[in-house]
Amino acid sequence: MSGQNLVERLSKRFGGKITGSNLDAIDPWIEVAPGGIAEVCEYLRDDAELRLNLLNCISGVDYFEADPKKAAKAGWEPHMEVVYHLSSTFNKHTLVLKVMLPRWKDDVEGELPEVQSVAGVFSTANWHEREVFDLCGVRFMGHPNLRRILCPEDWVGYPLRKDYEMPLEYHGIRGR
Amino acid sequence: MIGISPVSVSHYLLVGAVLFVTGAVCMATKRNALGVLMGVELVLNGANLNFVAFGSKYLRAESLGLDGQLIALFVIVLAAAEAAVALAIALNFYNNHATIDVDQANELKG
Amino acid sequence: MLLAAFDWHALFFTFFALLTCGFAVAVLFSNNIVHMAFYLILSLGASAGLFFLAGAEFVGAMQLMIYVGGTLVLLIFGVMLTAQSRFISMETRSGEWVMAIIVGGSLLFLLATAALRVEDWRSGHPNPAKVGLAESKTTTQIGMGFTGVRVDKLDPDVVGSPLVPGMSGYLLPFVIVSVHLLVVLVGAAYMARTKRRATSTGAAA
Amino acid sequence: MATQVDDARIIEFDVRTDEMLVNMGPQHPSTHGVLRLVLRTDGEIVSEVEPHIGYLHRCAEKIGENLTPRQWIPYTDRMDYLAGMNMNLGWSLCVEKLIEHELPEKAKHLRVIIAEMGRLASHLVGMGAYGLDLGTFSPFLYAFRERERILDLFEEACGARLTYSYLTPGGATADLPNGWLQKCEAFLDQFEPVIQEYHALLTTNAIFIKRTANIGVMSGEMAVDYGCTGPVLRGSGVDYDLRRDGEDRYTELYDGYAFEVIVQRDGHYPKDHDYPAVPKETVLGDCWHRFYVRMLEVVQAIDLVRQAIDRYSTASGDWGVPIKLTHKLPKGEVYLETEAPRGQMGFYLVSDGSSIPWRVRARSSCFCNLSVTSELCRGCLIADVPAIVGSLDIVMGEIDR
Amino acid sequence: MAEFFHTTCHLPAPLAYLLAAIIACVLIIHVVAVGALIFIWLERKVSGRIQDRLGPTRVGGAFGWLQTLADGIKLIAKEDITPKDADAMLFKLAPYVGFAASYCAYIALPFSDGWVAQHMNTAVFFILAVLGIEVFSPILAGYSSGSKWSLFGAMREAAQVVSYEVPLGMCVVVPCMICGTLNLVTIGNMQAGSFTNWLAFNDPFTFIIACVYFTCATASVNRAPFDLAEAESELVAGFHTEYSGLRWSFFFMAEYGSMFLVSGLAAILFFGGWHGPIPIAEPIAGVLVVVVEPLVNIGRYLLGFIARDIGKVTDGAVAIQIANLMGCLNFLLKGTIGVTVMMWVRWTLPRLRIDQVMTTCLKYCVPIAAFGFVGALFWQVFEVPTLNDLPSPIGINRSVAHESWVVEADREREIRAQAVTPSPADLPGESVGSFDSAAVDSLVMKGGAR
């Protein structure tokens, strides 16, 4: 199935929840609304033709440039992306889904952006989403156990955000 | 005692009496079911000591003979059986009542 | 020579008797159930020593093997299974102590008087040196005794070896005890058997 | 009184025992590093296992945002430190995919040799350590004896024994030295018959089978659901190997090589070698099958290296000159997975057009494989926990990154 | 030994006993402690060779034979830690309980004909009983450590050892049944002659029993594949997780002590004890005594100042002791072979799981042992010919001895009648069924000592 066909098919089925696509990139991707990612994933997994049953990876990418000069040249507004890499063990094809999020929910600093969890669709998403939550600061709604996974429970901040600053001190251990 | 009078049946009986009494007191005072069980073991052991003493040819010219030892063996075996049953009861009690305190076992309906 | 007159039997008897009684009392006065079990092991182990001294080698070894090695391991197993912190030490009420000491003290007094009363018991063997070491070799005789043959009751001086008067074999008690043991094992296994509760989903709701 | 404690979770018990929370790790002999498993046990039976990870977390991804791709190569070594070469390969291919760099023929075969040797070295540790988890020490040392020889070969090629940084974007840091191929072949000739010893000590050992058969059974669907990959996935009977099914950029390395994916098809494994028979007690997807797949992959890797050596010696081109240290990356993002010994190792690279990546992401195979632990260990015995975790063959460096 | 001091050196009986007891104690503690030292070194060398490496090579010269000593010094110097949550008294006592039990069991273990600390009529039973007590050491250690891993180890140990005592006992009963005694010296001596007289080769059932015995013995001393109580890949170190330094090393001394003990017991019960496969010890000793004659004479001369009767020690007695010495070496060799086999097994096999250990015991060992027991019983009852019936150049025929227990008893009665003042009233019971001539000999003297 060509990329264009797939996008059309998904748009037809999910309507406004498919918010865009880029089929010219090296790895073509489809953009999904934060509230629709679970249904889209479920559909992709169960569809007899696609059968994208393996969720390879969930990655959070922070698009933010502190330096205003560079930010002007960057060509994007500050935002957060959650990228889902899917593949099929039957058909041996892959698909990339993206969810665009604000850096902070309602632009209130400290309020984490929210996206629907796909842990109910792919069990592996459980840990991946915890990791994205831990390192990038994205809240996955409906996740059964959204806790930090790599950093300690009492860690402050989200290390993979571009504006993250290493704490000076953690339990008496020098940080910087 | 040393070097003055030879060890006699009485000495053994005294030790047996101490074991018996400590065992009996143990049974009476301990609240833990297994503690009571230990008291029973002490009592049985005290009795055993008497049997062996009466049966020993080293302590008395006219001894009870082998019968003392044979009865002692029966006691040991029965004590083992008794311990198994008592332990089963204790564990059953513990399972049903979540305690091992015998003072709590005041109802018959279980 | 003083050393030659030294009564080793008495020395070892005193040693084991003190251990036996001391640890028995320790069992009584300890509140920690695990310590109690440990003292009980020592007490019973020391009384096995007394058995050896009394020439009952087989009974002594049996005491060590079945009592100490089997029953007490079972007991400790039970202790460990039920040993939650709140059960390890259970204080005895002081009123019970007083009662127990009074009753126990009088009982001890009674028994001790009885033990020392009989002249025949109080005097030791007139000539223990004459009793051979072979007297402690009772294993075969005990085994035969259990099967109903009392070789120790054979009159050695008469050809044809008739039995001397006295109690005879223990075959019937032995069989009864065997059956008893079997019943006990089955019963104990039944009582402590695995409980199967209904799965939480259906019954509990 | 008579407090009737009815815990819905306890459905069967001999004696009411308190549920115990036991920490297995982070300093525990069989957690392969600093994994911490919190076990909720009822006697010897484990009712719940919760893995706690992150004790080795270094945030390598954050470091990657401050270094050029070639500078980040050493950090990939330290992810799966038992298969550094394969980590190098994954990252190199990912960067090459972004800059659309084409490799000379010889470099491709070089990569196959190195990657498969890396797989050998890694599976040897996995196999030996699994024996250790089950309480037998000797196979571990036998495995290390062979691994040492592989490391000797690697040392000769790149100068390092553990953290190689050998394969880099563009090719490799150097060509294989003279005589290396002969030594490598000599090693393979010596090593191949030795595998029978491992089969005798582990695979077909009665106690080993008792300990692993029908333990930690994972169906194929469950394995895919949990994102398990590599031998763990194939041990569950899912026919999926990126060397055959991956992206073109990766599979073209293996173009023309004769190999079959090691997976049980129609009740039997590929019959190209003389393998020990599968015991009757085992169930597809149990610990034994995961182990067995690894053992067969060792044999297969030997075969692949042999083929690669033949092709390498006749191939055209050079070993592939590495790209410049500060090579400008085109704007864009790529994701590429390779078949590392422990599963699919994915790298995600986002570039803003400078020579330093905007975002680097490593998709760890062990991370996903480990996440299935709580599911697999539910209701097993304590002794099965090391057996199950060991059969997943995890490396904490890769999980925690 | 006491007999020798008493009759030859003319020491007073209590002193002779004391001296003999002290010597026996010192010798046994050397077997346990120095034995542990050697066996730990051996274990390292054996495991090293099995694992294709060298093992210790440096400390103390060519074979690293002082390695264990160096480790011992390190352990002594190590800090002795008692965890905060531990039950301090039991925690400190537990290692000694195990060591004491292991040590005590040696009292009844003969190293050669008559070379035993305490001649015991119920030696087999005594050793098993005392070995059973050893289990308290891990249980108490595990319980008192205040660590969950230790507790797991203790529970496993308790369950395992209690279960394995059953088949172990059943196996041990078989040689006792064939020989008709629980006395180890007698059992050992009944296997004199060539290796065909060894009880393991008595009939097929005893061979099976010997194998089961070894399995159960391995389990009862907690060696791999049954070392669940200290399974390092599951329980960190099991019951001794929290121990350090010297206390920790006591567990090891106890372990290696009981390893040699059960191997030695196997050697006596099934593999001829101190008798070599070919009966050449006595002829060799006869030759040797001629060779060492000058030495013996010098000894007689020197010791004559202390004990004038030393000169009465005959060449024959010296030859017997030389043969005994060779027998002792033979026995040590057999025990060491047993220990080495245990090491070999340990470094080869994976560990069983706790339920599998119990299954092995209850579903395999017990039925097989019972089957072997019944089989051996029938073999004896129906007098099926055994290898022991083969014409043997030297050595007694067991079956003759077996049937003549009444005769033996008569002999004993005669000896006693000569030794002690005959007084029929004092001799109501005879030691029927005992063929222990050595004990009977010593009876004369011990009877006097009482």
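Order of writing sets the labels: A, B, C, D and E. Residues in every chain begin at 1.
Here is the rule we go by: contacts are C-beta pairs under 8 Å (C-beta built on N, C-alpha and C of every residue); 3 or more make two chains touch, one makes a residue touch a chain.
Please read these numbers as outputs of a predicted model, since none were measured by experiment.
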item: Chain at the geometric heart of the assembly (C-alpha centres); value: E
item: Greatest separation from subunit E - chain, by CA centre; value: A
item: Reference subunit B; chain at largest CA-centroid distance; value: A
item: Selected pair, greater C-beta contact count between A-D and C-E; value: C-E
item: Interchain centroid distance [CA atoms averaged], subunit A/subunit D, Å; value: 26
item: Cα-centroid distance, subunit D relative to subunit E, in whole angstrom; value: 50
item: Centroid distance [mean C-alpha coordinates] between subunit D and subunit B, Å; value: 62
item: Gap in Å, rounded to a whole number, between the CA centres of subunit D and subunit C; value: 61
item: Of all residues in subunit A, the ones touching two or more other chains; value: none
item: Contacts with 2+ other chains: residues of subunit B; value: 57-58, 61, 65-66, 91, 94-95, 99
item: Sequence positions of subunit C contacting 2 or more other chains; value: 6, 9, 58, 62, 70, 72, 74, 77, 81-82, 128, 131, 135, 138, 141, 152, 192, 195
item: Complex contacts: residues of subunit E adjacent to subunit C; value: 12-15, 17, 87, 89-90, 93, 120-122, 125-126, 128-130, 132-133, 135-136, 139-140, 143-144, 151, 154-155, 158-159, 161-162, 165, 180-182, 412-413, 416, 420-421, 423-424, 426-434, 436, 439-440, 442-443, 446-450
item: Complex contact set, residues of subunit C against subunit B; value: 5-7, 9-11, 13-14, 17, 20-21, 24-25, 27-28, 33, 36-37, 40, 43-44, 47, 50-51, 53-56, 58-59, 62-63, 66-67, 70-72, 74-75, 77-79, 81-82, 87, 90-92, 96-97, 99-101, 103-104, 107-108, 111-112, 114-116, 118, 120-126, 128, 131, 135, 138, 141-142, 145-146, 150, 152-153, 166-167, 170, 173, 177, 180-181, 184-185, 187-189, 191-192, 195
item: Parts of subunit C lying in touch with subunit E, wherever the complex brings them together; value: 1, 3-4, 6, 8-9, 32, 34-35, 38, 41, 45, 57-58, 61-62, 64-65, 68-70, 72-74, 76-77, 80, 83, 128-141, 144, 151-152, 156-157, 164
item: In the complex with subunit D, residue positions of subunit A that touch it; value: 25-27, 53-57, 59, 61-62, 74, 83, 85, 87, 89, 92, 94, 96, 122-124, 126-128, 131, 135, 148-152, 159-160
item: Interfacial residue positions of subunit D with respect to subunit E in the complex; value: 20, 22, 28-30, 43-44, 131-138, 141-142, 145, 201-202, 205, 207-208, 210-211, 381-386
